[in-house]
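You will see chain A twice below: alongside chain B first, and alongside chain C after that.
Let's turn to the complex of A and B:
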């Protein structure tokens, strides 16, 4: 497999992204002249934040996946439910919602003088573990719904027809058709959300209610920024790497290749449901819809109160243009890289080289678990004395964004391309197709997934603030950055307006891409 | 879609084209983002200084004051800057230890006596008192001392001392007022703390959404609401124990190849012209007492200073954070 040119390109990409991480750590280690500060591992503070990080991450992931299940079923069994496409697009919007909207939205709904607070029990408080979980569930549950719905969609019609012929009870259908279709990816969805929540930071502090809610990421931020204590930051980063990394390995090992799905997105046959069930599904669905819309609606009073001027509009549009250009470039690069990186992984899977497959997958996805702040600061330290980062910083913004969205791209397209191989690999090998023919057949099969993945990574890249805050230069502004600039200079309403524009553009992109998918 | 992309590229290129290309001397200043933002002091300060210096003032912005210092530590003698602007008094000691800070050689005797400035390397260009902001329509009788606030059951939001300078300032304040009893005071405060945020804006926007009775900010915050929004309900609570100040400072680097120009910039920063720009763009107080200010500034509270040596506070910072961590946790 190391001789096929297509595999070599993929391996090269894996090598490059691994090198970037090594360079970042090299930057930190080289600067501090010391390795990690291992005394920290004995510190009780370190233990408590570690435990808290893990606890809130696992709980968030558990709640998100558990609650997503009935919702995904509702959409699946009730396919002509109202506004279904909008619902699915909105799901991705929740996943990439700017922190500002999320925090102020929840506070204006559920805070001390929130709209909903009077209807809640007296002892209700938004702040604490419940607030963190609420926000994490808000961001990740819709994402899980989408993923699970996708899995259910992959149940072939033939399974259902067979189940009917065999007169399966509802329970039997559930155990023998639904569960296996989900279990293929359930661990992955759960793990993915846990890792995202494990790395969560600003939301945890804002809604956590005090220092009892401190995650490892807070400590990393403190060490890298306020204390500029690199040895301590290294220990924290290695710990995070180790824990999230082990977690990740376990997930990918437990995850088998989906056996199902000769599927198409156009379902012809889905078990019919009774009136009561329909009612329940409708209720669950509507409840979720309202939950997803609430913080967005809470944004409106701020938008209306903004101090409108030509200046504001021009600034927002200019920032939006840059955001679109940077986001699109990163997303295109990431998609190309993700596809190429999957080539050697697919080849390993076909040849049943499981160990190799796992190793490659781990390396390809490691930027998901490496603390982004560590990568950024490491590269910053390394390159600041070498090149003119004030001029070239924007290139680093592009590179780092691409690397950080890459695991999302891989995660999304992985199942689909592996499925394609398991269904058709033998066939097309025997047909002796030309390269062009192969690509065009495969493209037909993976196009919907590629498009929705592109939308997802585009949105994530467009939302970046962390990287831009380190490498961006002051002549250029992205829209999320502008939002923080407004919020940081008292202009909270203007920040709301800019957030609303960002969300609107997100939504238009999602709709456009959903439509393109349907014409696929 | 294609039209959209063309439009995007066009605006992008036009925004890039603004970068000037004069062949005069360039004075490079490391500062923080909100200083150079359109609404910040940067553009006006640049225009005013360039009028007389026959030079170009070039700002390079880091995220915040701490990031400027970190950049300095990374670059050492290779730093491009002639001036660093935007550190605060709590970072001065750390900055001096880099050995890169030059003497300012300015006459600081005219500066506000409140500051009693004697530092030979850093020049203060504005300052602010940390204070709790409240909505006077909701709270007619605000707390008049820190002790009263801590003992009350008012809902409070402040910033994390590990990740934010106002949060750190508040930690200094608590220790200055409570001394040995600070741990108990943190415990007491925690019982009615709504939350502790990563940075200033999270806390302040949560407060504006009605998320708390009091939020930690500056005595000057109400001036913004009065001047820009014509809204006078937000007020700063004046505490009888006195308040802690955050002084923003600038200094020349001894690696600068144009020390005279650098000195003239420091001189300009504490001139009447620059001082009249800073309060209404950076929303802090001028370091010259007789600066012409909008009328609304006269409505701000003028607290006294709490007894606190910034050197002690900086030296104790790590221990105090540990105390805060274990006592402010619920």
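Let's turn to the complex of A and C:
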């Protein structure tokens, strides 16, 4: 498999991204010269942030996954429920929403002088574990809903027909059809959310309340920013890398056989539901809709109160243009890389080389678990004496953004291309198709997933603040960075206006892509 | 000639062994109880299963070590013969670049599926899908044709039509056919020889 040119390109990309991580760590190690501060591992401060990182990650993932299940069932079993498509688009929006926008919305709603705060118990505080869980659930529950809904959609009509013919009870349908369809990916969804929350940065930075509610990623940031204590940052970074890495390996090893089925747009045999069940589903669905919309609507008063000037509009539009260009380039590169990287992984899967497949997947996705702050700072320190980072910093923003969204792209297209191979590998090999024919047929099959994945990674890339905070400069500002600047100088109304513009653009992109996906 | 020499396939705990010679242009039916290794043999000849030992030769040259794409084989699988997301006609055109549409439609008419060509595979019945797969496999330029239960989903009348069509095309183009079937009727219509695996 290592001799096929297409596989070599994929392996080369895996090597490049691995080298970037090694270089980043090398940058930090080389600068400090003393290496990691291992005594920290005995420190109670380290134990407390480690425990908190794991606790909040597992709780966030558990809540998101458990709550998503009834919602996914509601939209699956009640297919003509109102505004279903908008709901699904909004779900994606919540997942990719720039954290700053979300925090602004939550503070307006549930902060000290929030609209809802007077109706909450006196001891309520948005800061601390409950605030972090709320924000994590807000961002990840909709992702879990979409993923589970997709799994349910993959149940072939023939299964429901067979269930009817065999006179299955509701419980039997649940155990024999629904659970197997979800269980294949349930662990993956839970694990994916756990890793995202374990590495969560901006939410914990904004809503974490002191050392009691700090994660490893934020502790790394604090060690670098306030103390410039590189040995401590390295110890924390290695710990985070190791724990998230082990988690990730376990996740992929336990990944069971996917629920495969032929594509069918016909969904004529989904079991019908009674009036009471319909009512319950409506209630769950409407509640979720309101929960997702509230922080966004809470931005409106700020937008109305903003002091609009030509300067403000020009600044926002300029920042928006740069955001779109950087986001689009990163997304295109990430999609190309993800597709190429999947080629050797697919080849290993077809040859049943499970260990090789897992190793390649781990290497390809490792930027999901490598602390983003370490990658950025390590490369910054390494290249600072070699390159004019003021001039070329924007290129690093592009490269790092591409690498950090790459795991999302791989995660999204992986199941689809593996299913394609599982269904058709024998056929396309047997037909001896030309390269052009292979690509053209495969494109027809993966196009909807490629489009929605492109939208997803585009929006994630557009929301970046962390990378820009290190490599960006004030002459060229992205819109999220501009929002951060406004918020940092207490120009909250301007921040709300810029957030609303960013949200609007996000929503338009989502609508466009979802429409294209449905026509594909 | 297809020459299967001391071929040994390991399938789980099962050891499968084959020895056979099939002359060029012959149609040989392959029969045996389920699990005896009929499909495995076809998959091995096509290159999807690697043998433990032994050799497969075609026209005097060993093909066992050739990649799938370079073997002189066109195969019809028991299932998954059509890409679900492209039309039936586009499916048939794959691997049949040597054939123009008029020939495809003429053959489709004989197999009574001409009206299905513009549809998507999921709009077809099992029998229609099977005939589409059969049509493409026989129209491909490869000299060695492997058919794994090609008539399993056809009614008696259509089965006879399809078997006669295979017989006619294979003889006219001097193709060598190895065909798995459970029906003696297929053996009667098609076979120069019946190979019974035990």
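Criterion: the second predicted complex is superposed on the first by the 489 of 520 C-alpha atoms of A that agree within 3 Å, B and C clash if a C-alpha of one lies under 4 Å from a C-alpha of the other, contacts with A are read in each partner's own complex, and residues count from 1 in each chain.
In this text, a contact is a pair of C-beta atoms (placed from the backbone, for glycine too) under 8 Å apart; a residue touches a chain by one contact, two chains touch by 3 or more.
The shown structure was predicted, so the numbers you read here are calculated from the model rather than taken from an experiment.
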Touching partner for A:380 - first (chain B), second (chain C), both, neither: first
Of chain C and chain B, partner touching more chain A residues: B
Chain B versus chain C as contact partner of A:488, first or second or both or neither: first
Touched partner set for A:210, first chain B, second chain C, both or neither: first
Chain B versus chain C as contact partner of A:444, first or second or both or neither: second
Residues of chain A at both interfaces, chain B in one complex, chain C in the other: none
Chain C - residues contacting chain A, complex: 46-48, 68-69, 73-75, 77, 80-86, 94-95, 122, 140
List of chain A residues in touch with chain C within their complex: 262-266, 423-424, 426-427, 429-433, 437, 441, 444-445
Residues of chain A touching chain B in the complex: 31, 45, 99-100, 103-104, 107-108, 111-114, 127-128, 201-202, 205-212, 214, 218, 221-222, 225-226, 228, 307, 311, 315, 317-318, 320-322, 324-325, 380-381, 384-385, 390, 469-470, 473-476, 484-485, 487-492, 495, 512
Chain B residues touching chain A - in the complex, by the definition given at the top: 1, 4-5, 7-9, 11-12, 15-16, 18-19, 33-34, 36-40, 59-61, 63, 66-67, 69-71, 73-75, 78, 80, 155, 160, 162-163, 190, 193-202, 204-206, 208-212, 221, 224-225, 228-229, 283, 322, 324-325, 328-330
